[in-house]
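Here chain A shows up in two complexes: once beside chain B, once beside chain C.
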Partner chain A sequence: MLKVLIPTIMLFPTIWLTSPKWLWTTTTAHSLLIASISLTWLKWTSETGWTSSNMYLATDPLSTPLLVLTCWLLPLMILASQNHINPEPISRQRLYITLLASLQTFLIMAFGATEIIMFYIMFEATLIPTLIIITRWGNQTERLNAGTYFLFYTLAGSLPLLVALLLLQQSTGTLSMLVLQYSQPLQLNSWGHMFWWAGCLIAFLVKMPLYGVHLWLPKAHVEAPVAGSMVLAAVLLKLGGYGMMRMMVMLDPLSKELAYPFIILALWGIIMTGSICLRQTDLKSLIAYSSVSHMGLVAGGILIQTPWGFSGAIILMIAHGLVSSALFCLANTAYERTHSRTMILARGLQVIFPLTAVWWFIANLANLALPPLPNLMGELMIITTLFNWSPWTILLTGLGTLITAGYSLYMFLMSQRGPTPNHIMGLQPFHTREHLLMTLHLIPVILLVTKPELMWGWCY
Partner chain B sequence: MNPYVLATLLSSLGLGTTLTFASSHWLLAWMGLEINTLAITPLMAQHHHPRAVEATTKYFLTQATAAAMILFASTTNAWMTGEWSINDLSNPIASTMFMAALALKIGLAPMHFWMPEVLQGLDLLTGLILSTWQKLAPFALIIQTAQTIDPLLLTLLGISSTLVGGWGGLNQTQLRKILAYSSIAHMGWMIIVIQYAPQLTLIALGTYIIMTSAAFLTLKMSLTTKINTLATTWSKSPILTSTTALVLLSLGGLPPLTGFMPKWLILQELTKQDLPIIATAMALTALISLYFYLRLCYAMTLTISPNMINSTTPWRTQTTQTSLPLALFTTAALGLLPMAPAILMLTT
Partner chain C sequence: MASRLSRIWPTLYRARLSSALGSRCVSQTPKSSASGAAVASDLQPVSPAAHDSHGHAEVSPFEKNPDFHGFHHHDSFVDEWNMRLAFFFGISVAIVVGGTFIHYLPDHGMRQWARREAERLIKQREAEGLPLMTDNYYDPSTIVLPSSGEE
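On to the complex of A and B.
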């Protein structure tokens, strides 16, 4: 654990002391080194599953894929932001990269925490750098509203979580995940306990987001700069999923009945947000709603609490993280060239950017869950386990899959195929940096087809 | 102000608080509180501005009323029980009256109405003294007598203070009024836990003093008193804008900043005492206050140039103020959360 934490903390002096000429090169290289060291976490050596450096920081097969995703994403974020941050004064550039690095630190500590209170504090701590990235470096006036929605939706859910965690500590005496997984099942039989159950989960459901409380997500994703959108879509949403998976262990047997409305809301959300995607004119907004749709499926998988559900959830989280981040990068390349997110203004791009069309193609195929990509793996496992729970869910999930294919195809055809309008003939060609960015996103997705055991979580 | 006069007044302020800290007899405690009131009155009125004089008058009247009620409560207790010592406020009438008087003294809702207008009329340093130093002596008395006061009263005072502090601050553009409502809200947090764990009240008071001092000293350093002028601080001192944004978020209670520590510990204590509903209610009222702290962050830091500034840009001269206290308080206001075990041990 220290092999990664100490280099991450040393990233801060690197950022502030490097000469301006080498700033971006050095930080990208440093974070790539951290990412490659983090791959060593994927070797699980212990029988209990937990690999711990001390009592308070440990990794297990559930947190390891998410940790690797987090560490992998930092160099990608720095690569993606290079173009639009470079014109700014040097100390502001350093400040931006510092915010990304501090997000990284908080996320590593959040996924590696064994005490749930430590996870909570780091979960909340990620809010501040994200808020600053969205509101300070976003490009439109709506970014202030987006920051407010983001902060208040998340906090309104997580303050009851804090009280619920303190109540849990009161009744079981500990909040260590290492211990709680072996504790006696709690006697949960009163109305007060139902509120406690809700308090434990609402914060993560808001973060995921669940359909009814998802309003912050389109705002935040759209108004954020590319690095903000990437980290939000790829990792911060998964904090919600991860938290839910950790908490569900303790919440039986109430979950059998109480999860019902949330599963239905999540499934309905897949259809609703998928349908919204079909009618979007704003490219980033489409990708944001597609994130809500996929995470609805993840939420359903987690709330079902079966092995296939959990495995499917974590596979879909990793795959969706990489693919959604890739789509935001592609949208950003269009935005940097046309300075507009409207899809009609950047269409027919295959003629002028043929290699990029390949990236669009692969990213959209991954988004619609083409076999054998891990997106399909996750979706299929979740759909199967939902069918096992209730055969009627196949109507919702099948329709959801159809609509997902619909809007992914719509996104591809709208941006790549069709007549190229005259006003975009003179756009800058793609940079090697952007091709590298897309490669680094999509190669892991393809490679994970060959060894999906890395992602299967506890049920491997 | 004449330095001799200033020295006398400041040392009288110190004397008053020390007397109240050191006293075990009600009359001596009352005397300390009165010395504090009398000593700060000339400090408040030193700029003979009508608003400052009005603020001074309001402050003097409310504090004198409160002090008279304290005297009345202690004499009632002495008449009923024969005890003059502070720990033995056993008569319920006396203890309730005393709590009401002290709520008026420190500005707890529903006795908070004087606070915003008084703070608005003062210059920033005197406002700082009013928000921080003047709270110490009354809290010394409350902590000593908390066990005898009706728990329902304390809880009601606490919750209504956080609610009023949140809602009242939402419509303000003057920074001193915003800090006044922030003070009311924080007092609410301190009062709610005093019957269960007085050391958490001390921690809350300590962290509040640190954060408010950082806020006031920032405003003094950049000479701003309203949101419009706050938007120009980026040109005076860019580093100050970024650290102050974090100090404001710390006042709002966001982890991992220091302001989260008292809230966390107080919520923990409340859940230990089987009061989860009150704990959730308190936590959610903190969100209301967070809204106007966030608005200040937006105005000051997160919408930096090029932006539309609604006031004339000021002359940017080199500042002659000493910045060490500001630096110390800002660092403490941002980084003390990991020290929570040490701080808990210090106050237990």
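On to the complex of A and C.
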């Protein structure tokens, strides 16, 4: 753990002491080295779960894929931001990368935490750099509203979580995941206990987001600059899923009945947000609602609490993280050239940018869950486990899959195919940097086809 | 590269002229609704010396540096080295070396061994004509049960 955490903390001196000419080069190289070292976490040393050098930071097969995703994403964010941040004064550039690096540090400590209260503190701490990125570097005036929605939705959800954790500490004497996984099942039989159950999960359901408390997400994703959108879609949503999976261990047997409305809400959300995607005119908004749709499936898989549900949830989280981040990067390339997110404005791009059309194609195919990509494998596992729970869910999940395919193809056809309008003809060619960014997103997705057991979590 | 520039130069020139005349190629829409279908709105008036979001005049950086890689607008040396290091650390180190490391990870939980062992045992039992699996894992005559009547 320290072999990654200390280089990440040393990223701060790197950012502030490098000469302005080489700032982006050194931070890119440094963060890619951190990402390479983080791959060593995939070697799980014990057969029984946790790998740790001390009691407070540990990795296990659930947190490792998310940790590797987090470490992989920082260099990608730096690559994506380089172009639009470059004209700013040097200290503001350094500040921007500092915010990204601090987000990285908090996320590593969140996913590696063994004490639930440390996870909670890091969960809250990630809000601050994200809020600053959205409200300071967003491009439209709506960013202030977006920051407010983002901050207060998450805070309102997580205050009950703090109370619930303090109650848990009081009744069990510990908040260490290492200990709680072996504790006796709690006597949960009163209304107060039901509120405690809800308090444990609401924060993560808001973060995921569950349909119904999802309104912060389209605003935050759309108004954030590209690095903010990337980290939000790829990792911060998964904090919610990860938190839920950790808390579920202790919440039986209440979950059998109480999870019912949330599963239904999640499934309904897949259909609703998928349908909203079909009516979007704003490209980033479409991708944001697509994230809500996929995470609805993840939420359903986690709330079912079967091995297949959990495995499917982790696989879909990792795959969606990479693919959704790739889509935001592609949307940003269109935005940087046309200065607009309107889809009908940046259409017919295939003629002008043929290689980029390949990236659009692969990213959209991954989004609609094409086999053998892990997106499909995760979705299938979740759909199967939901069918096992209740056969009627196949109607909702099947329709959701159809609608997902619909809007993903719509996104591709709208942006790439069709006649190229005149104002597109004069756009700048694609940069090597942008092609590299897309390959670094999509190659891991394709490589994960060959070794999916990295993502199966506890059930492996 | 040069042919592509020669193709887009006339339209680029026209785009420069039109931007100099103050007509930007962005859609001007009224303030967004709550569902957030926002588009870029021109917050400042467009001047003849219009600059794009990269702080440059509306001229492609490929004009000055045909080998522009997208990393650094003014210094082609830094741009080239940034590209080289990003590719080296990103692909050669992270994906290739990292991927090799992951490929050679040990068989966690002995899953692959278990599959091979099962296939070997099936082959062996089919060859010997034995059933693939017996009802009792342990020989029942070796199990000593307490007698049922007493405490």
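A few points about this structure:
By our rule, the second predicted complex is superposed on the first by the 460 of 460 C-alpha atoms of A that agree within 3 Å, B and C clash if a C-alpha of one lies under 4 Å from a C-alpha of the other, contacts with A are read in each partner's own complex, and residues count from 1 in each chain.
By definition in this document, contacts are C-beta pairs under 8 Å (C-beta built on N, C-alpha and C of every residue); 3 or more make two chains touch, one makes a residue touch a chain.
Quantities reported herein were computed from a predicted structural model and do not represent experimental measurements.
In the superposition on chain A, A:451 makes contact with chain C only, not with chain B. After overlaying the two complexes on the shared chain, residue contacts for A:121 are found with chain B alone; chain C is out of touch.
In the superposition on chain A, contact of A:193 is made with neither chain B nor chain C. Legend: residue contacts after superposition of the two complexes on their common chain; A:136 is shown touching chain B, with no touch to chain C. Shared-chain residue A:155: touches chain B; no touch with chain C. Set against each other, chain B and chain C differ in how many residues of chain A they touch, and the higher count belongs to C. Within the superposed three-chain model, A:417 lies out of touch with both chain B and chain C [touch as defined at top]. By the touch criterion defined above, A:166 reaches chain B but does not reach chain C. In the superposed model, A:218 makes contact with chain C only, not with chain B.
Chain contact summary for the complex, chain A toward chain C: residues 21-22, 24-25, 28-29, 32-33, 35-36, 39-40, 42-44, 47, 72, 75, 79, 82-84, 86-87, 139-142, 146, 218-219, 222-223, 276, 280-282, 285, 335-336, 338-342, 345, 422-423, 425-426, 428-429, 431-434, 436, 439-440, 443-444, 447, 451, 453-454, 460. Residue ranges on chain A touching chain B, taken from their complex, read 95, 106, 120-122, 124-125, 127-128, 132, 135-136, 144, 147-148, 151-152, 155-156, 159-160, 162-163, 166-167, 169-170, 192, 196, 199.
Listing the residues of chain C that touch chain A in their complex gives 4, 8, 11-12, 14-15, 24-27, 32, 35-41, 43, 52-56, 60-62, 68-73, 75, 78, 81-83, 85-87, 89-91, 93-95, 97-99, 101-103, 105-106, 108-109, 111. Every residue of chain B that touches chain A in the complex is listed here, in rising order: 242, 245-246, 249, 254-257, 260, 264, 267-268, 271-272, 276, 279-280, 283-284, 286-287, 290-291, 294, 298, 301-304, 337.
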